[in-house]
């Protein structure tokens, strides 16, 4: 019997290694896998590359992981926001590599990784600082840059309901990067609100099919 | 040339933008003044607002009873969903933007150049960690890009320029600029003034603008001798 | 008030011009917009490029459109199947141009068109007859070919339920190419089983948001 | 060397493939013998079958009471959905295939070469309108590609060859071949025989094969002196 549910956070984190690229879902606080981020802090993997929309706020969660010196590099669209104090300190001190990616290019690069597209052209960012040095080509008179797929070793995501096959649904704007990151990582770990018996989720309404999900953990808030 | 003119307030600028959005358009509003635009589209004129974090058909801020922490806009404020709205993930949401499905994006900006270049994300090339968010995708992808911004900086420097001095968000992207002083189209010949704040003369507007302005034909008689 | 519902097939077909590229949904008979195809036959546009998974069977529907000499070119993955007699006759007689595309590349090329990606790399088809002459590049040791976005002037699709904003749901394997084609065309016309009042479709379960749909027509079978 | 061996029937070949599919794998089965494989995976071993037309978690053919014309497989036969199954559109379905998410694809073929090249869609370069379907995507995308086919053509020509003569479906893609005579791995050193039909000698198998065969170590003693 397939059973992707795991019993606790330690089990959820098994096998995440130093140097891993970790995709972290959420947009602001919505759909952010807080318990999994805390568990990653506990677990100890270091020299990480973090891919997320933001670079953490306050001194908990992603910011805490960074403050502990466990993040070598961050790939995001919106590093500096209200409360991104840890990021700013570390970045200023030269202790953090930063790659800023337009938000849609970030999503599309991960979708490409999940869909077997190693590289694609886009007009987004052409002629700007963010695409300097990238190959360019023109299509129908529109200048474009070549962007590379962005796969993850691990994705930490948040969803609403799950079943033991790893099928997932989300809540309102809680989808955001989560379904895309689930596709893009070799090991996808989902923190969910509820685990339902197999066959309970309507097959028409499953947003992330279990093929993209490796582990599921119910987290009560 | 008189100087007794009334610049538009932020709300007035938003109201002026809202006036030009036809029913049925799919529209993304950037952070700042653009976000205010939605408040001035009357409810009976159906305009479908898109938020890049995966909301299509966004409604106004919730009242105390219908607030839901799971429903936010790209500015991370709580919003509501209109009847007919739907939720999508980030790749689908940006497919709408990048695939040219949005009729309009309204952004704030630091500078707009007469060729339509826009700079709105980084104040200098030395700002090593600016936050771009979805601005580059929106600027490159929407069918129409309108910018709404103050006509000059706080110290009076023009924001409508011959060439952007700040790092670009997108090249040749802006169609129209709404400022507190004027509504200005970006044409193949450069900036063309469509409308001016009441009492403002063309000369006074030009004096506050770096690039050369032209007057739209329909505007030449009433405001300008 | 936005109202994308149209009253009849003639209205649904308005503005389809000679020389148009028409994307036609369905996989076999499932999810195929039969009424819209019949209406296109009636409407008269000619010199068409048809993009579909199959090249029609029997002497009705797409096959009929081809038999009437209205199709210049067909782009599909599986032209020859049981009953594709019209296709075979015309093709043999040199009266039909054919572009065979691997099924996944066909779907991805249309998705790319819908998502603003003018071109992308894929390993599918590398070193085969179907990609001869296409630009190639290697990514992580994997040889790939460059494939172009495939936009449509028109998409004819089939869906289950709709509302007046053009939001759509589908039935079981009836999705297939329909949601992808809806994204990829400038004018998307949907034949649906039911039109529901706005707000009736669950916003979590809308598969094709109305932004991708221009006209909706209820067709009773 | 004896010739009294028993080639496997089509059903036996399918049964033999099914034996090697572990629980939990995501599997796409091609048209023909591959489709039969599902019938030989016992229901209590959960294997999740994928159909490229947008079905994940496909079950067997329906009985007369649960047939639904809206639910078909890629061969356009009516099927059912298992509990836990889901529906996706074509781009998402092929993202599963092309993104390397399927553990296994089982395809029929005309020829397999010793370097793993496979030809299964066109019988000659002069066949100008062959139907490729999803074969190229599956062959290039699945984590494991197994081919199941008769060991020779009807007139006795080998299908396991040094070099494919038919147009290729994919280069260096096949991991394992199941025929009516043997189970053969494709290794960096070429074909390696894992298993032979009862009573078949290695020499007799080699005689029916164009490319050079090697015997897996574990096989050398029992079947071969």
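Here are a few things to note about the model shown:
The letters A, B, C and D name the chains in turn, as written, and every chain counts its residues from 1.
The criterion applied here is as follows: a contact is a pair of C-beta atoms (placed from the backbone, for glycine too) under 8 Å apart; a residue touches a chain by one contact, two chains touch by 3 or more.
A quick map from chain label to UniProt name: A, C = 3-oxoacid CoA-transferase subunit A; B, D = 3-oxoacid CoA-transferase subunit B.
None of the values given here were measured: they were computed from a predicted structure.
A count of contacting C-beta pairs for B-C and for C-D identifies C-D as the more extensively joined pair.
Distance from the chain A centre to the chain D centre is 35 Å, each centre being the mean of its Cα atoms. Centre-to-centre separation of chain A and chain B, using mean CA positions: 30 Å. Residue positions of chain B touching 2 or more other chains: 81, 87-88, 91, 94, 97-98, 141. Within chain C, residues 108, 111, 115-117, 122-124, 170-172, 204 each touch two or more of the remaining chains.
By the definition of touch given earlier, these chain pairs are in contact: A-B, A-C, A-D, B-C, C-D. Residues 27-31, 77-81, 87-88, 91, 98, 100-105, 107-108, 110-111, 122-130, 143, 170-180, 207 of chain A are the ones touching chain B in the complex. Taken in their complex, chain C has these residues touching chain B: 1-2, 111, 113-117, 163-165, 167, 183, 198-199, 201, 203-204, 206, 209-212.
Across the complex, chain A meets chain C through its residues 108, 112, 115-124, 137, 139-140, 142, 144, 148-149, 169-172, 202, 204-205.
If you check the complex, the residues on chain D that touch chain A are 23-24, 26, 44, 46, 48, 50, 56-57, 81, 83-88, 91, 94-102, 141.
Here chain D touches chain C in the complex through residues 51-55, 68-72, 76, 81, 87-91, 93-94, 97-98, 122, 125, 128-137, 140-141, 167-171, going by the rule given at the top.
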